[in-house]
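Next come two complexes built around chain A: one with chain B, the other with chain C.
And then the complex of A and B:
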């Protein structure tokens, strides 16, 4: 029982980080109807950036966040402008999967050249500090990571609901054609939206780097998990991404505690299969339009 | 009978005659090795084309079935002694059918969604099969790999049996594609790609043709996996289920031209030869990954329709112009 509750606590705290990555993923899908295969690679790139800042100049990963998120925001806008904008509208949903996959490979290749393929981790002085509450262990870094993710998600929520840009984004998600007719600059909304999506990847990446060791290959593991979360929540729904992250993260850490860590790696796939059988458009997915 | 009707069959006969006669010239081992891999990819991209090209369902998980075929071959011969070197080839049809049967429930589930989500589900499948290959140690030997007896062919012509079996398989894949293009099945698949709901509405058996395309496609891929395992005689999870194989297959099909008979083969010959060259000259796999990704992006952005359709368009235009000039 103790192990199980500990598993749930761990799952909830980890879910925050996944929710952050997945919210960017689902935002990109909502705006552009693009399944972003590069999100995992962007997370790992964010982790490497904050690793570099930490080892070279001793910048704390939490303090480095503005730098890494800004860098990846710019990169995201660039990727959208260079590679996704020119795609033909008719083929877009199929081609964009492959194009973003190629971007992921490009980023992976770049990371292997720059940082080699050995495992890295960001070992801050407080990496192993933890509190014990009622006999349950809570790692401090995980708690901070969780709070940071909540903060970032709240920020994202405010941007989407309280700004002009957010209104343009929501209009584009609901009905791209009408939004364009009413004067929303869809190219700009797409570019900035993609940038925001990768920026959340950077924020999550800094935290990910403190929690786990990573190498350029790690993005494969992340992307399949992220895609499952997003599908479970419903493509395009940020609230869904948060719920999806909670479900998948908690269930896999419970399986890890109760069965074995090996099978916990498979949990997300079983959840994904269940989603496909029971409700292919996910928990909060928009009804039939375009994608699903 | 017009001459144009003979262009297709003549092209096929010439192509297969040339490829079949290549080993006669006593090519060096590295060249034969390169050709064996080129043929493997030609078969796999032709198979992928059936599903990703004609039906418009871009599978990113085909290598999972490649791996299943490879492990099936290895496991079978861990329990049965190999009497003659050709024996592992005889069970290929069985492996093909077996892999297709494994693919059936996967197809039935994953094809409840549309193109982009289908890509997600299949790529997830890839990683699940990879994880299984690493972790089911009793069956696959895990990271230590699994082995099969080395084929007892004479060293001088070691590659030839594999080469000819692959050539047969390529003929099968292309024959199926050709037959498909000429039949109602192919037409139905194109209708699925164009607009699945409308196709279903006018009475196309959407579900049946999709499942058929998926099973044939992964069955062929599984057979290539089995040949690969026998050829290498020692397999590891990270190579048997390597995401880069999927990328290569997709890229070759896109480069040559989706939903064409010759496109995937052309793409495989161009890219696999280029890839081997890059691997030799650039050495380190890191730069090689970057080069590959860049080629991928350039193909997608500059020539998303592929070589064969672009050439066809140009020829058609010229022919039309000639007709206009004549009148």
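And then the complex of A and C:
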């Protein structure tokens, strides 16, 4: 029973990290209909940037967030402008899979050359710290990650719902033609949207680097999980990404603790399959454009 | 039978004869009168998944070649290495050895990195009658090939590298041995069989297994697995690990505030540089791992090797990569065969190495008919931020520390 409860606690806390990564993924799909295969690579790039700032200048990964998120925001805008903007709107979703996968490979190559293929990790003084609450361990970094995730998602929600940019995004998503007629620069909206999605990857990467070892290939393990979370929650839904992350993380964690780690890997695919059979749009996916 | 068919058959036979002649001539170069440099070919993973270890193997080969050349070469012949990259691919490694043997006509071949590449590579060497000395790749499947030309240049088959830990535990008085054990094993041809070997031997000795699970290599988060182990309070935790998962196991145990009396990891913990960097120096204390070469080893040529390595690649004895030491030992064996037999060719190497015991920087090596080494690994333990050999007592530089001190202590 103890292992099971500890598994649930770990699952909930880990879900925060996944939610952060997946929110960017779903945002990008919601705004641009781009299936972003590069999000995992951007997370690992975020982890490397944090690692570099920490090892070279002793900058704490949480304090480095303004730098890393800004860097990846700029990179995201650049990627959208250079590689995604030229894609024809009609088949953007299909082509974007290939283009963003190519971007992921480019980023992977860059990381291999810059930091080699050796495993890295960010070892802050508090990286292994935890609090004991009623006999259960609450890992400090996971807790911070969870809170950071809530903060970032709330910020994202406010940007999308309380700002002119957010209104422009939603207008572009719901009716791109009308939005354009009303003066919304949809290409800039897309570029900034992609940049924001990539910036969340930087935040998630900092936390990821403190929790796990990583190397340039680590993004392959991440991307299948991120896509599962986004599909489970419903493409384009930020709330769905959070719920998807919780469902997948907690179910994997509980099954690994109580049954077997082999089945843990299968669990989220089984959950995903069941949800998609019953509700093909995912838990919170909209039947039409405008899910955000 | 039509004339066309007959011609076709004759053509095939002629081609086969030509090929056989080509092979024979390629091999006979090594057996002929010694002239010119001794050319040794090797395929090494300089890119791809095994590139870190592959580069270390290359360093070891080159260090040996430079050392032996500085002392006049082998039987008066300078050693020339022909090292090519296989990109960690089992297909490319076959092409590489075929080219090295048939096109470049190298005199001898040295092995690549990993079991995955050693199996197909050793088959190519066997086909052309080349001796095949491999510094890495000692999984069970390698020895199941029963190749007479194959020699695994480590003290024991990889799966048995945990035996030394079992022997150490069983050497303790019964009241000091662990009573319960948990096994967390990576699904990998090296890691899981090694942990299983330990489990079977400890169970036979009365150590009760309270947990045993295999996790897939894609598992990023081991905290639920370690959480389940912690709930059972085992005296001993055996990690059938490689690298990343080894670091995760330790970090998770620290975060879960559980300190077992004994902890052993098959790989990861034996890395003098990476392990403390990933888990934090203060969390290494008391963890056991297997090793063949270790800093301060008194084995034959080890001091010279260490000095040469530091001179060539920098760092200290603590930062020497095991894979470089294993590759260097491959060269040492060639030197030893030449010194004993007075000649160097593939047949001489195969027949000579199959008898007797051979001193190397990894200790004294000897092999069974299938190339499986018949010795035992050493047991090393982290003590005061250093990886020290602690068992068997003949090589120990410190007493084993048990029970394990607390994390961060």
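The working rule: the second predicted complex is superposed on the first by the 287 of 292 C-alpha atoms of A that agree within 3 Å, B and C clash if a C-alpha of one lies under 4 Å from a C-alpha of the other, contacts with A are read in each partner's own complex, and residues count from 1 in each chain.
Here is the rule we go by: a contact is a pair of C-beta atoms (placed from the backbone, for glycine too) under 8 Å apart; a residue touches a chain by one contact, two chains touch by 3 or more.
Predicted, not measured: the structure shown is a model, and the values here were computed from it.
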| item | value |
| --- | --- |
| Chain B versus chain C as contact partner of A:262, first or second or both or neither | both |
| Which superposed partner A:130 touches (first chain B, second chain C, both, neither) | second |
| Partner chain in contact with A:232 - chain B first, chain C second, else both or neither | neither |
| Touching partner for A:75 - first (chain B), second (chain C), both, neither | neither |
| Partner chain in contact with A:32 - chain B first, chain C second, else both or neither | neither |
| Partner chain(s) touched by A:93 [first = chain B, second = chain C, both, neither] | first |
| Which of chain B and chain C A:221 touches, first, second, both or neither | both |
| Shared contact residues on chain A - chain B and chain C | 117, 221, 262, 265 |
| Chain C-facing residues of chain A, complex | 2-3, 6-7, 10-11, 14, 116-119, 121, 123, 127-130, 132, 137, 139, 211-213, 215, 217-218, 221-222, 252-254, 256-258, 260-262, 264-265 |
| Complex contacts: residues of chain B adjacent to chain A | 56, 58, 60, 109-110, 112-117, 119-121, 123-128, 131-132, 135, 243, 247, 250, 254, 285-290, 292-294, 296-297, 300-301, 304 |
| Chain A residues touching chain B - in the complex, by the definition given at the top | 33, 35, 37, 83, 86-88, 91, 93-99, 101-103, 105-106, 108-110, 112-113, 117, 220-221, 223-224, 227-228, 231, 235, 262, 265-266, 268-269, 272-273, 276-277, 280, 291-292 |
| Sites on chain C touched by chain A in the complex | 49, 51-52, 187, 213-216, 218-225, 227-228, 230-232, 243-244, 247-248, 251, 254-257, 274, 277-280, 283, 407 |
